[in-house]
Structures are given as C-alpha cells and as structure tokens.
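Next come two complexes, and both contain subunit A; in the first it sits with subunit B, in the second with subunit C.
Entry: the complex of A and B
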C-alpha cells in the first residue's frame, strides 16, 4: 500500500502541474474548455491527496510499522484516538495534511465560483495548483511520508506523551486549515491583479473563505493556549514563544484584512492596502509553517532540523517578490474611487484598527526575530522575553479595544456629532459606573492598565448590547413580533454585521480573562509532606496523601504509572478535593535498567483545575521518587534477567511503596481570577464568526428579485 | 482647512507616530534583551553581575537533586566545555540529561546561579530521532 501512497503523491504533483499550466493557457488563449479542465484537474489533486491520507491513516490505525512514519510516531500501546492523530505529529505527515487541506479548500472555492469570476478564476486556479504542487513536491522530493523500513520493528517508538492531550491533537489541523484557508483569498487577489479587475468581486467571492480561515486559525491558537494551560505543568497559556507568535502573526494581519475589505466593498478605497494585507497574511502563514520546521530560532518547540526549511523559504521569497512586483505594476488600476472625508467616519476607524493590528504584528515580528536582528546588528545573539512583549503589546491592545468600542456605531462617510453623543450616552454611563464600582469594591486599582482595560471592555459590551437592543426594538415595531423572535430576525437578516458584534463581545470577554489573570494571579511553589498545608490567594490547601496507580491513567493517554496527590482546598468554609498527578512513560533508551526505565522515561503533569467563572484553582504535583531510587537500583540488578511478568510485579510493588510511604512532594498552585473567560470568549468568537459566515437566505431572495426587476423593466420599456 | 493641506498634515502625523513606535520598539528591545551564551563564551569572557541566558546541553550523570535545589552541568552544544549550574524552582517536564536547555542567571565564583523558575527545556521534538540517541 505504501507504493500506492507514493504513487498518489507523484500523480498528484503531475496533475497539479498540469492544472496550473492548462489554466494559464486557458486564461491567455481564452479557451473555456482548458479552464474547465484545469479546474477539474484540481479536484483530482484533492482526490489523490485524500487517498494518500486515507492510506497513511489506515497504516497508523493498524500499527503497520513497515512504514517509517508509523514506527517513529506511533506504537501499539498508543491509544486509538492518538493513533489517528499521530499522523500530523510528524513532519512528513503534517506536510501531507497541508497538501490535503489545501487542495480540498481550493476545490471548494473553485466549485462555488465555477459560474462567476470567469477572468479571475483561471489564474486563481493556477496559483492554488502551484501551491498544492509545491507541498506535493516537498513530499515527493524530500520528505516522503510513505517511506518504508527494510527491517520492520516489532514495536513503534510511540507518540510523544506531551502531545497526548485532546486539544493538542485538534490544534494542528485547525491551525493548518487557517493557514491554507488564507491561500484562497490570496490566489484570487493575485488573479484579480493579473487581469486588472481590482473591484470588490474577488473579495465578495472569497470573503467567506477568509473568514473561515480566520476562525480556524483563531480557534487553533486558542486550543494551543488551552493545552499549555492544562497539560504543561507551568500554569500559563501564552509564553510568547516563537512558534506561538508564528501563528499569531497571520491571525493579526488576517483580522486587519477582514475589517478593511469592508471599506473596499462599501467605498472602493484601500485597494492596494487590501491586496498587500492578504499577501502578508499568506506569507506569514507560510512563515508559521517554516518557523516550526526550520529550527532557526530557539524555541521550546524545537522540532529537530528539517530538510525542507530552505525550500519553504524560497516559496516565501517567490510569494513576496512576485506579489510586490505585481502590485507595483498594477498601481494605476488600484487607485481609490473615493477619498477619506473625515476622521470621524467608519472607514477612518477601520483604517485605525488596521494600523494598530499591523503595528501589533510588527511588534511581535520584531520580538520573535530579535535574536537574528541583534546578531546581525551587534554580532551577539540576544533575545527579548515575555515581559518585553507584555509591555509593548498592552498599550496597543488597549487602543484596539477602544476602537472596537467606538467603531461599530460611527456611520460610514461622515458622522454627526449629535448622533455620536446620543449613541454613546448609555455606553459611557455604563463605563463610568463600572469604573466607580471597580474602585469601590475591588482591588482593580492595583493595576492601572488592567483597570483601563476593564472599563474599555464594559464600553465594548454595552455598545454591542445597545446595538442589539435598538435593532430588536425596531424589528419589534416593524414586524410586530415578540422580542426573542425579533432578535433572531435581526441577526438572521444582517448576519455579517451582528455576527461581527458577537465576535467583538467575545474578544472583549477574552481580553477580560487575559487582563484579570495576568495582573491578579497568585502562584505558589511549595514542598510538602502529607498533612502539611499552604496558602495560595484565598485558599488553604492541604496535602492529604499520595496516590499511585498502575495502568489506570485517568486521562487515557496510556501511561503505565501514575503518581499523584490528593489535595484538599478550603475557601470560605467550602471544601474541594483536587487530584493532580504525573504520568510516567517508560524510557526507550538502553541506558536505564529494566525496572528503572519505567521511572526514568518521559513524565508529564496531569494538572488538576477547578474551573470557575470567578476564578480557577490550578494545581500540579511533582512527586519526588528519590526515596525509591535505592530500591529501584537494587531491583534493576536483581531482576535484570527475570521475565516481563515478574518485572511488572516488581514495578507494582515499588509503586505501592510510594503510596504507602507518601514522601514529600513538590507542588505548584495558582489562583487565577476570571481566566475561564478566555475560553468562554473564544467560544463566543467562534459562534459570532459562524453567524457571519452562514449563508443568508436573503442573498438568494435578492437574486430572484433582481431577475424580476429586470423583467419588469423590460416590460415597462416596451410600453 | 483646505483638504489637500489637511491630508498632508494627517500623513505627517501618521508618519511621526510610526517613527515614534519604531524608535520605542528598537530602544526597549535592545535595553530589555538578554544575551544568549554558551558555556565556552562565559568561560572566556563574562562581566560580573551581568545577567545572561545560558544555553547548551545537560551533561550526562551531572544532575543532582537536593530537595528543591537542583544542580547540573551545561555543556556547549557542540563542544566539551561545561559550567555547573544551581537552580531552584519548577523543573519543566521534558528536563533530562542530554536535552537542550535555556536558563537565565549570573555567573558567581565559577558557578552559574540561575534565577528562580527560569529553566526552559526544549520540547523533545515531535520527531523522536534525537530522543533515542540521547
């Protein structure tokens, strides 16, 4: 089957080359049949990539270790769900995931635009086929996921235990869907530039894809943060690590793009800006893939030296240079139809929001690449840490939230002062009340920046609420229905606008969680014996006893040994029991002894979190097995030649001894206020984006009415 | 105001803001940065009292735990020179002999005294090749 998989990739590559060539021929020669053939060839590429993926997945599921990739990334004791997802934990597998998602997305957009955009679509097909072809080429030439082993090992290495977390396994496909999704508007922008049709048609055709890509990328970033919070035993959700930044940058520019295209649709302005933004978004998406793979920056995610870093860099170079040349040669066609009338208009606020988002991206880019920049300038490699990122991005984030509060109620073109005053009377009152309440009842004044953020968030939320309320009232009067129905109709008829408002409120809640948890979280690291207690924030936590289990890992990651602790947390007379633990995976290196290898391999924290709307209590344990070490060493020499079942009994006895002795252990506990709102806000963002993406029945209706109108016009002219 | 002058003024204000931002960025990043050094760099030249980021691999059989206090040696990525490190705080999950780590602190009397909780271990790549050789 591996041969069939490889063949799929080779044929897919050839088909992609054919699709690109025939589409360009069709566009230049005006040959419709060639264009149709190019589009169908792209469907074939998707089919071939999908077949290859199914073959590889089947190999993972049945643990066929004759595949090099399966032997290195999976094992028979890897749980089924993780076998399924192990494909994209490997470099070759993730390239295949890129290719298959990319060609599926391309096919979907080419199918939906098959009857429109006759001039742009062939060029877009060529661009999309080239990108898909590039990734197929990487696999055919350098990283074949179907490489087989001459000697088939009896057992695979297994999936890295740190990655055995549900969020981590859905996170890569989501990020990749985001990355490849941005290829679609990019390809159509290039097509539009080539044929000099720089109106809003390409935007209308691909806007939905841009929004879907943005949603997936955002959700992927959120899942990565959630994984960091609940699996890595440090208790944070964002570390400004290069790999995290690499996914944030295209998302920031993508956010700017989905805002500024509205200006082009409504007013025919910012055309150069929009094509530049989408080029930057796509280039940054490739950069994200490259950074993860290249190892040029020190990151906690070092993925080992990759063989395809240089090729990716070449592709980024081609994308940037080619697009810039194309934009410059089309500057005449990209001139705006309208000018910015006044700074007090919707378009000016969109522009300001864009500038802040781009500035944020520049800051993140600078910090991420600072080691390279500093080495080039001063010859010494230096880096900036999270404090620098926090300090520089916080003011920009505050401005961004302020713009999100004001922008939505400022009308297009020009806003009257009286109208603005009327629109802001209620939100400003709410913000003022929030400020007073925060000062009177909480310690929020301890952190000025957080206080400002809280007030701005109340402004955003009250603006959104006011807009919904006013719209619902109006609908109630017009349609004479009860308010829930009126609200439903309001959102249903204006999905894009109200979906956007929902996204804004979600982002506001997300910022609420970030601001509160970063300014007011309390963290303690302690070493305790059973019976001892410590305080963190408002909690008093007691280490009751040690736990030790064999083959009963609660998280289902397949760990043979789980050592943990039972903690009791008391607050205001209420008791909560927490069970943090640590999974031990057997070491596979020969250095450790037959018994010792069970304790000296990888170990991962299984964090205990009490989720709450007001605050989270987070606890992790690091069991100290120093007491067991003499016994382990003795067992290593005594049972070296015993059978596996005897060794298993010995391991069980050692684990039992840990439970009975309950030696001191190290703990980290965190009280983090409002941190759950990050995840709740994220879910609301996704919900809002879904509302905005969902096709409105109205567009179909409008198309029908316009046909009727045309008929009526014809008849009237005859009279 | 005449619209053309107004537009020019806006452009200047925008450019001014951009220059200001760029200046802040460059200034703050250079003043807040810490230099990454390998043991051999610190052994040949290091200013006392200055903070460095030490990177390298954890030397085999050098890890010693005494309660919360952890001591180990870091050696150059491709070399033999090494430095002893003392560290307290949270040890990341993937910390092991032979792994690449980053730790910040100061050199005091031949020992690198690390700041609390500053130890970062590189994720053992998703590609397990290194792991087996380590």
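Entry: the complex of A and C
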C-alpha cells in the first residue's frame, strides 16, 4: 500500500495546485463554476490526505517495517496506543498530520462559507490550497512518509520513550490543530484584502475557526506542560524552552486577535491591526513548526535535525512579505471611520490588552531567539534562562490580569464615572478583603509579585461573579423565571460574552496556580538508603524499600524493566504512600552487551504525584544500579550466546537482586502549593471556549420571526 | 506499478469530481450566496442589539445612551432586512 500512499500525496499536490489556480481564475473571471470546482478540489485534497493517513496508520498498527518511518518510529513491543500516535513523533508523519488537518479545516470552512463571501472565498480557497500544497510538496519532494526499505528489519527502533505519555501523544495533534486552524482566518483576511472588502464579514465567517484554533493550541500547550510535570522528572511544568515558547507566541497573538476582532465587529475599528495580528499569528504558527523540526535552537523537543527547515523559512518569508505588501497597498481601504471616544471604554481596554499581549510575545520572541541574535552580533552563543523570562513576563502578566478584571465591566463607546464606581464597589471590596486575609493568615507577603497577583485574581473572579449575578437578576426581571433558569438563559442567549467570562475565570485560576507554585514551591534532592527519612515542606518522607518489576510498567509504556521505590509521606498525622519509579528501555545500539542493553538504554521517570487542591506532593526516584554493574558485566560475557529465554531469566534475576538488596537511591521531592489549579483553570478555559463557540440555539427561531422583528424595528426606528 | 496505477485511478476520480461543475456550468445560484451574506449580517446585528439590551438591563448603559445605541442598531438591522426583502422580490 506504500505506493497508494505516495500516489495520494502526488495527486493531492496536483489537486491543491489545481484548486489554487482554478479558484484564482474563477475569482478574476467571475466564473462561479470554476470557483465551485476549486472548492471541490480542496475537498478532494482532504480526502487524499486522509486516505494517506489511514494507510500510514495501518502500517504502524500492524508493525509493517517495510515502511522506513515505521521501522524508525515504532516496534512490535510498542503498546497499541503509542503505535497509533507514533506517526506524529516523526518528521514525515507530522508533515502528513499538518497536511491532513490543514485540508480538513480548509474543507470545513469552505463548506460553511459556500453561500457567503462570494468574492473573498475563492481567494481564501487559493491561499488554503497553496498552504496545503506546500506541505504536500515537502513530503513529495523531501520527506516522503511512504518511503520503503529494501531490506526489511525484523524489529523497529521503537518510539522515543520520553514520548510514551498519553498527554504527550495528544499534545502534538492539539498544537497542530491550533496552528492549522489559524490558517483559516489568515486565508480569509488575505482574500478580504485582495478584493478590498475589509469590513467584518471575513471575521464573522471565520471567528469560530479562530476560536477553535485558539482553544486547541491552548489545550495543546497545557498538555505539554502536564507532560513536563509528570514525565520529565524535573518537577516543573514550564521551562521557557524554545519549542514551548514557539507554541506560546502564536497563542498570545491569537488571544489578542480574538479580542480585537470584537472591536472591528462592533465599531469598525482596528482593521489594520486585526489583519496584522492574524498574519503574525499564522507566521508564528509556521515558526512553531519550524522550531520543532529545524533543530536550530537547543531544545528538549528538537527530535532530530530537519531537511525541510529552509523550505519552512521560505514559506514564513513569503507569508510575511506578501501579507505586509498587501496590507500596505490596502491602507486606504483599511482606514476606520470610527474613532476611540475615550480611554474609559471597552474598545480602549481591548486595545490595551492587545498591546500587553503583543509585548509579552515580543519578550518571549527576544528571549527565545537570543542565542541566535547574540551569535550573529558577537559571534558567541549566549542564552537567557527562565529567571530572565520570569522577571520580564511577570509584570506584563499582572497588567494583563488587571485588564481582564476591568475590561468586562466597562461598556462600549463610553463609561460614566458613576457606573464605574458602582461596578467596582463589590470587586474592590473582595480584593481588599483578600489582601487583608492573605497578609493575616498566610505568608503570601514573602513574594510581593505573587501577593499582587492573588489580589488581582480575586478581582477578576469577583467581577465575573458580579457580571453573572447582575445578568441573572436582569434576566429574572424580564423573563419572570427562577434564578437557575435565568442564569441558563443568560448564558445561552449571550454565549460569546459569558463564554469569554468563563475563560477569564479559568485563566485567573491558572495564574493562581502558576503564581503560588512558582513563589512558594519547596524542593529537596536527597540520596537515601531504605529506612532513612527527609523533610520537604510540611512532609516527612521515608524511603521504605526498593521495587523492581519485569514487564509490569504501571504506565503501560511497554518498558521491560521498572525500578522504583516505596515512600511513605507523613503530614499532620496522615500517611500517604508514593510509588515513584524509573522505566528502563533496552538499548538498540548494539554496543551494549546482551544483558547490559536492558539497563543501558533510555530511561524515563514515572513520577509519583499526590494531587491536591491545596498542594501537590511530587516525588521522583533515580535508582542507583552501580551495585548491579559487576553482575551485569559478568552476565554479558557468560550469556552472550544464550537464547532469549535464558537471557530473560538472567535479567529477571538481576532485577530480583535489586529488589532484595534495596540499595540507596536518589530522590527529588517537591511540595508545590495550588499547582493543581493550573490544570483546573485550563479545563475551565476550554469549557468557556466551548460555550463561546457553540452556535446560539435561537437562530432558527429568529429567522422564522424576522418579518415581525422588522415590523417592530421599523416602528421603533420612527420614535 | 502500484504507484502508477494508483496515480491514474486517483487522478481520474479527482478529475470527475472537480470537472462536474465545469461541465454543468453556472456554479452556485447567486441568490443563496447573497441571502447567506445578508443572513450573517442580520445575525450579527441582532447580536449587537441583544448585547446593548443586556448592558442596559445591567446598568452599564444609561437610558439615554441605550436609546441612542438601540435606535442606531435597529435602523441598521432594518436596512439589512429591506435588502433581504428586495432579494425576495427579485
């Protein structure tokens, strides 16, 4: 089937080229048949990319090592779930994932806009087809995922053990869906610029896609953080790693975009700003893909050097230069008629929020590319570390949270002083009470920035609560219903607004977790023998005994050997048992001996976490197998020619010996306050985004009653 | 051989799908396209009116501010509805 897969890519590429060409012809010549043909061609590209993906996935699932990609990225002992997800752990596979997601998104938006945006849609089709075609070209020309091997190996290399984590395997498709999704508003923005229809039509048609992309990208970033926290064995969730930053940057600018388009929809303002933001968001999305695959910056995520880095850079260049030229040529069309009435208006606060988000992105960009910048300027590669990022981004984050608290209260156009005083009375009271309580009952004052953040978070949450409360009361008065129904109606009728408020709450809780866990985390690194104890935060932790298992990896990653420890943590008279461990994967290099290879391959931490709303207790172990090494060396020489069954018995005996001897081991333990609120906040953000994206239920009803609405409207307009 | 055969078959299928509108000619009916655009504009205007109503009910807009905004938005909504009517009469 590899030939069919390759054929799908080649025909897909030709079809994408056709889709772009016929759509442009249709737009220029005003030929609707050509436009429809172009749209259908895009559906075909999606079908072909999907077929190619199914063929490749089938090869992974049946461990068909005649495919070079399968042989390099999977093995017979890779668990089924990870075989399914191994495709995007490879470069060729992730390019195919880009192409299939891209073409599916493009097809979805072209289908939903098939009866609207008559002038813009053909150009958007051409842009979307070009982008999909570019990724198909990368595979056809340089990185064909269907390349086969002349000599089929008996076993594959296997999936990188670090990637054998559920969050990590869902994380790439989430990120890519986000990256790809932003191509949709980008393409329609370009179409709108070309045909000089710079109103809000293109925004209305693509807003949902932008929000879906933003949600997926955010969820992908969160899953990456969760993977880092629970798999990498260092105890953190965010390291300001270049690839982490590469996904954060388009999310930041995308956040600015989904706020500022509301200003264009409501007031017809910020047109240049909005098209610039979406161009930047999409270019940064491409940059994210480039950084993961190019290996130009040192990163824990850079899984191998790429052969397509230069091509991706060319695409980024075309996107930036072409879009900028187009925007400049359309400045007259983009000029807004409306002006900012006052700084005390919703639109002014949106603008301020945008400026802070862009500033955050600039800071992250500078820090991420500083090694390249310093090398270019001074010849020496230097980098800025997490302390620099934390120092520079924290004040901006505080301003952002403050704006999230103030913005929802302020109305469009102009806010009166009396209204503001009335609206902030409750939230400011809550914030003041929070401040006093924190100073009186906690040690939050030890970190001034965290203290300010906690107070601002209380402001955000109380503003959201007040908005819901007032809205529900108003709804109760109008509809004469009980408050739960009024609340439901309020959210249902204003999903975009209240979905946004739920997102604000989630972000506030996320910042709560970040601020508390960053400032008040306590970490200890110790080496212990069984029976010894140590303290971390309010816990006393005892190393009870060593554990050692063959083929019983609790995380189901397929690791043959798992060495670990049983720890007992005591706090306030309560006991908790923790089982941190370390998985050992056999080396396939051939340099290690037949027995030693089981201990000398890659190893990954399986950390033990006691999750809690108030605090997490996190523990990792690094077993010391030095005592086993003489025995391993001896076994390597004695059993070199033995069969696999005998070697398995020897390995089992060595593992048994580790368990019985219970040697000293190295531990890292962390008490991290409120860190769970990061994940809870992330889930609330997704929930809020779903509310905002979901179509309003009363649309059908309003269509039926439009005649009556018009009559009513006409009568009212005469008043 | 497998590759060449697959290319021919897949290209043939694609050609049929994309050529159909060209052979039939005409493409989409233009009225549904225009109607959908107006419907989208109408939905957006209705949403704005509802937003303003909610702001007024919650005390964010004074009566005077609300009357001005509401009148303006409704006039814009009516203009859209008149365009829909004109489309229907065609």
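Convention: the second predicted complex is superposed on the first by the 699 of 719 C-alpha atoms of A that agree within 3 Å, B and C clash if a C-alpha of one lies under 4 Å from a C-alpha of the other, contacts with A are read in each partner's own complex, and residues count from 1 in each chain.
In this text, a contact is a pair of C-beta atoms (placed from the backbone, for glycine too) under 8 Å apart; a residue touches a chain by one contact, two chains touch by 3 or more.
Predicted, not measured: the structure shown is a model, and the values here were computed from it.
After superposition onto subunit A, the partners subunit B and subunit C occupy separate space and fit alongside each other.
Seen from the Cα centre of subunit A, subunit B and subunit C lie 140° apart once the structures are superposed, a value rounded to the nearest 10. The larger set of touched subunit A residues comes from C, when the choice is between subunit B and subunit C. Once the two complexes are laid over each other on the shared chain, residue contacts for A:317 go to neither subunit B nor subunit C. Touch criterion met: A:622 reaches subunit B, while subunit C stays clear of it.
In the superposed model, A:18 makes contact with subunit C only, not with subunit B. In the superposed model, A:72 lies in contact with subunit B only, and not with subunit C. Once the two complexes are laid over each other on the shared chain, residue contacts for A:494 go to subunit C alone; subunit B is not touched. Once the two complexes are laid over each other on the shared chain, residue contacts for A:44 go to subunit C alone; subunit B is not touched.
Here the smallest spacing between CA atoms of subunit B and those of subunit C, following superposition, is 22 Å.
The intersection of subunit A residues touching subunit B with those touching subunit C, taken from the two complexes, is empty.
Touching subunit B in their complex are the following residues of subunit A: 72-73, 89-91, 157-158, 160, 162-163, 232-234, 298-304, 339, 343, 355, 359, 362-363, 366-367, 370-371, 374, 380-385, 387-388, 391-392, 525, 527, 588-589, 602-605, 622, 624, 626, 666, 668.
Those residues of subunit B lying in contact with subunit A across their complex are 3, 7, 10, 14, 21, 24-25, 28-30, 32-36, 53, 55, 65, 67-68, 89-94, 100, 102, 117, 120-132, 134. Considering their complex, residues 1-3, 5-7, 10-11, 13-14, 17-22, 24-28, 30, 32-37, 39-44, 46-48, 50-51, 54-55, 57-62, 65, 69-71, 74-75, 77-78, 81-82, 84-85 of subunit C touch subunit A. Those residues of subunit A whose C-beta lies close enough to touch subunit C in the complex are 2-4, 6-8, 10-11, 14-15, 18, 22, 26, 31-38, 40-41, 43-44, 48, 114-118, 200-201, 204-205, 265-266, 409, 411-416, 419, 422-423, 467, 470-471, 474-475, 477-478, 493-494, 496-497, 696, 699, 702-703, 706, 709-710, 713-714, 716-717, 719.
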